[in-house]
Structure formats: C-alpha cells, structure tokens
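Once you scroll down, you'll see the structures, which are given as structure tokens.
You will see chain A twice below: alongside chain B first, and alongside chain C after that.
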Partner chain A sequence: MNGHQKSWPIILVITILSAPLVLAYAYLFVDTITNSPPGSVVPHEFTLEHWSFLWQTRPGRLSIWRVTLNSLLFATTSAALVVVVSSMAGYVLSRLNVPGRSFFLAGVMLLHAFPAITLIVAIFIVLQMVGLYNSLIGVILVKAAIDMPLGIWLMKGFYDTVPWEIEMAGIQDGASRFTVWRKLVLPQVRPGIFALALFAFLLAWGEFILPQVLAPSGNAQVLSVYLASLIADDNNFDMALFKSVGLFYIAPVLVLFFVFQNYLMNIYGGGTKG
Partner chain B sequence: MRILLDKFSKAFGAVSVIEDMTLEIGDGEMLALLGPSGCGKSTTLFAICGIHKVSGGRILFGDRDVTSLPPQERNVGVVFQSYALYPHMTVRENIAFPLRIAGKSSVEVARQVDEMAQLVHIEPLLDRRPAELSGGQQQRVALARALVRRPHVLLLDEPLANLDAKLRLEMRSEIRRIQLETGITAVLVTHDQVEAMSMCDRIAIMDAGRIVQIATPTEMYNDPHTAFVAGFLGNPPIAFLRGVVSGDAIVVPQSDVRLPKPNGARNLAEGTRVSVGIRPENFGPAGDVPVRGRISFVETQGRENLYDLMLADGSVLRSIQPVRSDIAVGDEVEWSVASDRIFMFDDKGERI
Partner chain C sequence: MDASRDKTGLPPASGGAGRAPARRRLGLLDSSRGLGVLLLLPALVLVILFFLMPVVLTGVFAFTNMSTATGISGGAHQVSPGSLRVLTERYGMGELAERLGQPTYLVDERGLAALEETGIAPGIVASLRRGHLDESFASRREFERAIRALPDRPDTRTVKRISDAFSRSLANARFTDAGALVAAAEAIDPDLTPEEKDALASATYTGWSWTTDNFRRLTSSRDTTRVFFNTLFFVAMTLVFFNIGYAMFLAIATHYMPERPAGIFRIVWFLPRISPVVIYVLLWKWVAWDTGFLNAVLSDFGVRPRNWMLDSATQAWFFVIMINGFVGASMGMLIFASAIKAIPETHFHAASVDGAYRWQQVRHIILPQLKWPILFVTCYQTLSLLTSIEQTLLATDGGPGGATEVWSLWIYHTALNNYAGNLQYGYGAAMALVLVVIGIVLSLIYLRLFNYNALITRPRIEL
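Up next, the complex of A and B:
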C-alpha cells in the first residue's frame, strides 16, 4: 500500500518521459495499415498494401519468407552453438583443474571485452579464402564465436553456484564425471542455459553488421540486411514498406521478450536460482 | 569390512597436512575422528573415499589395496555435511540414483529403495523433493542414498552440524541405530566430543594431522594420554593448574594448594613444572585436598550449576554440583579436590 503511494510520482515521470516513444510506436503501427493524403499526418483510409510484401515477392528480391527462414536459421543455429560450447567450456573453467585455467579465464574475459568489429576485415578475408563468404554457415560460425566468450563467462558463473558436494556425492554414487555433469549439474543450471539460449538468439536476430559484410547478397540474406537494402534502394523508396518490414522484424523479439522476461532477468541476477 | 590406513600421508602442494598416519578400523565398527578445526579430519575422510589422492602410504579395504582406485570403484557411502541431495530429483530418485548408475533393473531398484526408505523411516516422503523436507528428513535421505549400494564403509562428515539441538539428539541415536542394524563399518568426522562419545565404538583424537590417542570413549575419558586429549573430552571441560614438584607433593605457587604426588610422578626432580588437570565433577564439597578461592562465575544448567573458582594465583578451577542457592559470585569458599582422580602432565603435555 505504502509502496504504491510512494511510487506514483516516479510512475508519472516515467509515463511522461516515455509517452513520445509509445506514441511514435503506435503511429508507426497505424502508418503501416493506413494511407494518409499527401501533406497530412492524419490517415484517411485503411489498407493492407504495405503488408503485401508478405505474399508478393518483388522482382530482384528474395521472398520475405526465405529471408525470415534465413534469420531464424542464423539465430537458432548460432544460439545453439553458443549454448553447447558455453555449457561445456563454462563447466570446465568452473570446476576442472585444467592446466592454464587462469590463462583461459583471462583470455575469455579479454575476448569478451574485445571489440570484435575491428576484426571484420580479417574475418572477411578468412571467410573468402575458405569459401564461406556469402554463406549462412560462415556468418553463423563468426557470430557464435563472437558471442561465445560472454556465454562461457555466464555459464561459468552459473556453475560456480552449484555446490561442490553435489558432484562429489555423484562421484561417490559411482557416476562418471560426464554423467555427473549431464545428470546432476546440468539440471541445476537449466535457468542459465535457457537464459543464455534466449539471449544468444536475440543477439543474433538483431545482428546487422556481420551478415551485412559477410553475407550481403544472394540466398543468405537475413532480415536485418533485407531491411537495410530497402532504404538503400534509391529508385523506388517506400517508407511505408520499410516500416512494415521493420515491424515484422521486431515482432518476434517483442513476443519472446514478453514471454520470457523472467529468464532474461536471470542472466543479470548471476544465476541465483529463484 | 576392515579399513586400514597404512602410513598414509597427504600434502596439498608444499603444505603437508597429514604425515604417516596409521589407523585401523575394525569390521562393523563405528569410529569417530575427533579434533579441532583444520586438523585434517575431512582430508582423512576424503582420502578414504578417494576424492583426494594420497601422497604417500596405502589404504586397504579388507585385504584389497584401493589406494589407486578412483572413487567410483571404491564403493564407499558418504554423507556430506550439507547432505548434497540432488535438488531436481525426488527423494525416490535420489536414493535410486546409485542403483541406476550401477545398471540395476527397475524392479530391483524399486525394491531396494523401498527397503532403504523403511530402514531410515522416510516411506511417506518418497515423492517429495529435497527442498520440501526438514533438516532431519534430508539427513535420513542422505543416509539412505549412501547406504543403498551396500557400501564397504560409510563415511559421515559432520552429519549433525546443520541440525538444531533437539534434532541432533534424535539423529545421533538414529544414525547409530542404522549403523548397528546394517552392521556397516563407519567413520564419523566431528568436532563435537559429545557426538563422538555417544555414537561411536572408538574415538581417534587428531591434532595437527596426527592421531594423538585412539581408544573407547570411556577409556579415553578416564585415561587421557595428553593434556590435549583431556582438554578435548568432557563438558564442561577440564581445568588445568600449573604446579611445581616440591618434596612429596605438587604445590601450586602463590596458593596453599598441596596435591599428593601421583604414582607416576615418584621420580620427578624437585622443582619440575607440571600441569594438573582436574575435571569439574572431581572438585566440590567432597574430596580430600582443600582448595580455597573466590567464586568468579556461576552458570545454571537446569539440573546442575557450574561454578568457576578463582584461586589466589589467578588460575581457575571448575566445579559442577547439583543446584544450590547458597553461593553467589564473589563468595569465598573452600572446596576439595578428589586427588585420586586428577591427571598430571609434563610441560610438553604428556601424561605423567
């Protein structure tokens, strides 16, 4: 009760501050399903023509569904890679007494802090040499590699909270180290795995620079690149189409975020289980 | 099964924690490893179960040398201080885990889990998760899980440390009952002397990585080999007086206390410094050697009172007596020591 009374001024301020944003988004949405007379901002007719990209493919472009599939593939595969590698590497760094452990820890930290974008020219050349330029596999590998340090570090944090005795008990019960990891430890860090998967998915879904540079054209185009190509197209620039595709692009993110926001919070909570 | 630690040593890097320890635990015996924090009790336990590799010596289960065997193959049941139950599994799954790992058929698993649940009295709890159990119930589950594989030896690392006083009392007798019923060889690590005395057949007192004395609880209490052992057993603890050999008596300087020389001290030279241990129950109104002093502290324990008596030289003797209301802090009293029940130690702490 008391809390509500104290917090209402804050809520008011936040509402006022965010009102322009909310209005802008609302207007963006309205704009994609209406037409306005030239020179006016008030719509006068309802139309679905701006969404026609969903069922009509323009000449010279990929079908939107193909691009969406690419984006999905890109995001899920790189997220899966990040999760699989991080969940193992994080465990090793957290628990096993591997030689050079502190070196690896410092290395992971450094890689995480390193602005990967400065490597893009080198990556570009490497991909061209191995023949993965302009292919989905190439960007997936690069994106996963760039997100991995964060993932490893996060998973190490989650593993650190699992009591050491649980593992020792498992070993005493006769289980191998691998079984202990899979059957006893992994279930304890499930919230972490889930959060990381979601996080990596959203990161890849929103990634623009890497696909733009490493897979700009051809069949590997993803949504962000497709969207950018719409503005780059000077000949028939269509603002309403751009808005509609943009909305189409962020819709899954919003849905995921609203459904799973608790899991995403988990990642910042450092893995203390709720 | 008989367990033998033969000249067992353990070092962590350059730090040597245990050197040349030899310890034999008889078949079906329950042994307590008792000692102050950091003396190497857990280290010894973890060496037996294989979590720590030994740095020297051998470990034998029966006649089998298990020194280089990995923990999985030693068949040792361990109950950890925090119980270490698997939080994502039900009680049933927890107890079944070792059997499943061993590849038992599900009929067999179900049968043995039920049997164990019956032994430790947790049948109604089998479908709960560990988070839904009380401390004592978790303890029982941990015991069941440790015992379900019929291990050669059961190791308990401070199993009662996380329980409240009443539950501790209950689990003390429960653990002992289960140990006796299964006839398993068991090692209990504790730093609580009451636990060690009440639960175990024998006690091994450890200090700084060595076993100082190993004996049954009664022997240990009545015949401590060192001042350390005497100080460790007994609650309230024994009190020590510093004395000097003078003629055929031990006198405490700056006071009028004169204790007769015990037999072992016959040939001590005049002026030798000794330390005299007097248990609280051997000091009070009845006795043969009078001691004068001032009451410095009274602690009521319900049935009994504990009195601290400060002597003229500033040392303190403890006395435990049935509750009486005629004595208060600051009173001068003259009580007596039962001189046939005192222990005498030399300046290195060895019993004379």
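Up next, the complex of A and C:
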C-alpha cells in the first residue's frame, strides 16, 4: 500500500494501545510458573506449586481431569451435533427445491440474529421440568441448538461455492439426489465442515453462561464453571492458581487458533456474536 | 435405478452408512422435495424445541408468579401460619383460621383403630375407649395429662404415640390436592360452607398461579427506570467508542501498515474474542485487583491501593465498557478491514496524485465506502450488547451497589441466581419477554435492511 515509509507513527500508537493487552496475556504465562514479591510485578523465583491442582484435588471440588473430560465431552458433542444438522439443512437451503425455501432461509437469518440467550429463563424452567437440569445432555442440546443457525448459514455458503456441474453430472448418470449429496457434494465442502467443527468446538469450549445456569453443580461441571467458582470463592483467593487453571483451560484454544487461523478468520469475519 | 447407480463412477463413499436407507427410501431420497424435507427435519426439531417453544413459554411464564417458593410443577396445599393469615386478611374468615390453626385432639374410633394397629397394649386402647371416646382436647398438654391419668400409666414414649394418633390439627399439614385438604378440614369442622372450602383451598395453595402482577411491577418499579438507562448507556457507549469507533481505528490503522505488523496487531486484538470469557475477565481482574498489576505499578507513585474495578460507579462503568468493547472491536475490525481492502487501489493512487493527505483519504475515500458495513455492525452489535451478560456478570456482577446492573444481568439476578435464594421465574420471564420482543423486532428490521432474500439463488435442478 502507499505511504509505507510513513507508517511508523501509526505503528507506535497502536503498539502503545496494544501493550496492556499483550502484557496481560504475557503475565498469564509468567505468573503460573513464578512467584513475585508482594506489591511487585517482577518475579523473583521459579516454581511449579501453582500447577499442583493437576495432581491434588481440593476437598469439595471435582478433580480437574473429570472437569476437563466434561468440557471435552460438551464441546465435541455439541460441535458434532451442529455439524451434522447444519450440513444437512445447509444443503437444502443452498440447492434443493423445497416448499417455503426462502421462508426457511429468512428464518435461519432471523434466528442467527436473534439473541437466544434471552430464552434462557424459559429453557431453564423447561429443563428442570423434564429432568435435564444439571446434566450434560441438556446443556449440549441447548448449545447445539443456539449455534445451529450460524452453522446452517455457513454451510449454505460453502455449498453455494460448489459448481452445479458436479451435481448435474451425477444426476445425469442416474444417481439419486441423496447419493449426489452424500458422495459428490459433501467431499467438496470438507474444508468447510472442518472449519465449522473447529469453530463450534471453540465456541462450546469457551461457553460459560449456559453451563453456569443449566448445569452449575454436581458432576456435570465444565472448566469455565469450575474456574468461575474458584474465582468467586472469597475464602481461597489465589490469583496464581486461577491463572494456572486458566492457562490450562485456554491452551487448547490458543493452539487450535494459531494452527488453523486461516480457516477460522473467515468465519469470524462472517459475523459472530460478541 | 439401483443398477445404473453402480455405473456412475462415483468416488468411494467415506462411510457407506447412508447406502442402506438410500435404497429403502429411494422415492423420497430421489426427489429434491423429499430429500429436502428429510434433511431439514433435525434442524426443524431443534428450532421448535429450543427457539419457538421457549419464545412461547417465556410469554406464558411471564403471566405466572412462579418462583422458588411456588415451585415449577403444580403445588400442594399447606396449612401454614402464612396461609392462615391470608385466610384471615384476604377472605375475612378469621374465625375459621383460628379454628384450623388450633391443635385439636379428638378421641374417635378411627384413631383408636389406628392405635391398635401400631401394636400398643390393648388395655390402654380399651381404657381410652371407655373413658374418653368422643371427647376432644384443645391442646397437647391437656390431652397428654388425660392419657397419663389412665390406669395403665403409659410411659412418655407411648403417651406421645397415643397423642399423635388422635391429633386432628391441620397446622403445618401438607396435602397433595384440594380434596384431601377439605376432607381433613371437615373432620375438624363438619359444617364448612362451600365458600369456606374454596377460600381454604386457594389460601393454602403453595403452587404457582396466573397473574399479571409481573408487568404491573415492572412498569411501576423504580429499578426498571434505573436498569433501563444503565442498559441504554452501556450499549451506546460500547457501540460508539469500541465496536464502531475503535474498530474503525484498528481497521484503518492496519490498512496503512505493512502486511506483517498489520497481521500481528489483528491477531493481538483478536485475543479477547477467542479467549474463553472466564479467563479474559480474569485478566482484567488481575489488572484491577487490590494487589493487582495497576496497584503494583501505581504504588511506586504513591497511589493508594484499591480495587479499581469496583471502587466507584464511574470506574466500574469504565471497566465494563472496556471489557465488552475490546471483545466487540475485533468484529468491526475484520469487517471494516475487508471492506477497505475491496476499495480499488486506483482510488488511493488518484488521491495521492491529487496530493490528498491521509486524513482526507480516510474521509473522502474510505468512510463513504464503509456506510453499509457500519450499519451492519451497528445493527448486529446493538442486539448482542443488549443481551450481553457474561462479561459484566464476571467482572462487576452489576456492582458496586447495582451501578452497572444492565437488563440482561437483572434477569439473571431475578430468575436464575441471587444471594437471597428466592428465584422469581415469573418476574424474570416478564423481563426476558421485553428483550425477546426487542430481539425479534430488531432482527426483523435487520433482515429487511440487509435483504437476505436477494442472496437466494433458485435451484437449477428441478427434480
């Protein structure tokens, strides 16, 4: 772009503005393996004591591994649900001639824009009525349903880029519409499916308010709720412990994000909530 | 059909699981319409269960007084001091309430039969029948004195068992339905009028009932105005300063930078969005905490340590808006950046030749091109900020003293989690209904504005 030679003032300004953010994330790493004297931010000794939560379970709390397993289960299952349902419905909206297609498409857009979190009071009561309160199944279903409109919309976009000729050829050769979808079109959108799966996984992994409200205690606790309850406990204030659990929790997110950045940026650019 | 399918030279199926149903439902799967309905079905089920039904139910629950106290399933009938007070005050049946509230002990055949079954000495039962049949006592003490006076001289445990068997008091008794309650009341007072029965049944009901009080409360409460203006302030400030303003600055600034640093800064400003919200807010707490980063740095300058996030309402707002704004800025940044990228290079070159300064380029070339992206981000973020709850909940929890309580957080505190422990589901649903209606209206406008119907292409294979 033009004017590169004069870009340093802008870089300076944005560096100063970004510094607190970078510093905060840098200290997320530093503070978990060091101790600092009180009233200072410069560490003076190396330690691993803050990571003892990995092998010591505190009384009255679930083991970190159990909680991690719950989080994994929650994130993978809801991502799988989103992918399966969206890759089916997205194809219909992209290609098939169903009655009321444009109505469905508008509906998906509406649902995507609609803030589903406002329904949480009703969902909370219903889950209590049907006995799915405080269970992983309930939260998984709710999370998958809330992320689904975005999934359908993305999958429709991916299907739209598949050339019609592929399907035409398949149909001319006598394959059913189902076979064409299953064996010709699905392989074409595999990168899209992968991106959506990754994205839905990260969304569920970071989700806090749904498990906090719908499955706050008992054996269904996930990492976000576990960490929030640690922080909320005024009797055991230990910032280094919070950060260690936090780093343990955020590490997979950072790794996945940096490895698959290019996949994810497209989706984030398409407009997600925040 | 089946035979010809083998000749199509299709790539091998990755799973092959779909083949069996494909053969069975060939007719359905072969037509665009049949397959379409089939593939849409799971999505439809989820939409009905988790969108349509909750929307309707939010409206339904908003007209009830459901709370932790009433429970969410049907209630029971309990004669408590509270329900007797209701009977006195609301129905003017103080006399009835007094009669029901008094413990009564009635020696009758029913009680005697029950006593015999518990395996008590037959002599006691016989002497009770002989001496006290059809006699009633107004208090436990009086009755137990009479039992002790029996020739058999029962021990204290037996006395208690006997008096329990003849207790006909309704105080604190619990009945699963109105019929059982009325029957029990008639055992004490056989001449209840139908009005008295109805009043008793409704005064002792512990379950939820239909009401419009939630809306009356919502429109008359002073909290409503306060929370409403809090929400307005929060959405407007975050939107203007961060989701649009700062996002625009980031997009334009990275545009005028070499590719490499631009990419780095975009990733840095993306961290708040990809980080799980609990950790992201934890980092802010670490910055603001009494023994946190800010205090450690400022103590060298002699600033008194404090919790910067909760010290005053102004500071709390400052942090709440920043915490939410940093997350929102990344979305605007991406959308604006890609819109700027779409502006033809020649526009910039022409401007450079004309000697336009960078600020003029921004004003006359970039900003006019961003009209639609800005509208898009504004619409989108207004909705998501209106309903944003996680960041504020974790950061200030509405504090200090309710200063940063916004509408969605208010719902949470009313219906889902509070210190008092009495969750008012019905009232919370009424509050949520307001947001649901706003959400539906705004997303309809949003749909209209960006005309998504234009994106639909007609299917080219009509089967």
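The criterion applied here is as follows: the second predicted complex is superposed on the first by the 247 of 274 C-alpha atoms of A that agree within 3 Å, B and C clash if a C-alpha of one lies under 4 Å from a C-alpha of the other, contacts with A are read in each partner's own complex, and residues count from 1 in each chain.
As a working rule, a contact is a pair of C-beta atoms (placed from the backbone, for glycine too) under 8 Å apart; a residue touches a chain by one contact, two chains touch by 3 or more.
The model shown is predicted, which means the values in this text are computed figures rather than measured ones.
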Touched partner set for A:Pro187, first chain B, second chain C, both or neither: both
Contacts of A:Gly174 with chain B and chain C, given as first, second, both or neither: both
Contact breadth on chain A, by residue count: chain C or chain B: C
Touching partner for A:Met148 - first (chain B), second (chain C), both, neither: second
First, second, both or neither for A:Ile166, with chain B first and chain C second: first
Contacts of A:Thr57 with chain B and chain C, given as first, second, both or neither: neither
Which of chain B and chain C A:Asn219 touches, first, second, both or neither: neither
Which of chain B and chain C A:Asn262 touches, first, second, both or neither: neither
Residues on chain A lying within both footprints (that of chain B and that of chain C): 168, 170-171, 173-176, 179, 184, 187
Chain A-facing residues of chain B, complex: 49, 51, 71-72, 75-78, 80-82, 84-88, 97-98, 101-102, 145-146, 149
Residues of chain A touching chain B in the complex: 163, 165-166, 168-176, 179, 184, 187-188
Chain C residues touching chain A - in the complex, by the definition given at the top: 1, 4-5, 7-11, 13-14, 18, 22, 26, 29-33, 35-37, 39-40, 42-43, 46-47, 49-51, 53-55, 57-58, 61, 66, 72-73, 250, 253-258, 261, 265, 267-279, 282-287, 289, 291-293, 295-297, 299, 326-328, 330-331, 334-335, 338, 348-349, 352, 358, 376, 379-381, 383-384, 386-387, 389-390, 393-394, 408, 411-412, 415-417, 425, 428-429, 432, 435-436, 439-440, 442-444, 446-447, 452-453, 455-457, 459-463
Chain A - residues contacting chain C, complex: 1-4, 7, 10-11, 13-14, 18, 20-25, 27-28, 31, 38-41, 84-86, 88-89, 91-92, 95-99, 101-102, 104-107, 109-111, 113-126, 128-129, 141-142, 144-146, 148, 152, 160, 164, 167-168, 170-171, 173-179, 181-184, 187, 202, 205-206, 208-209, 212-213, 223-224, 227-228, 231, 239, 242-243, 246, 249-250, 253-254, 257, 261, 264-265, 268-269, 271-274
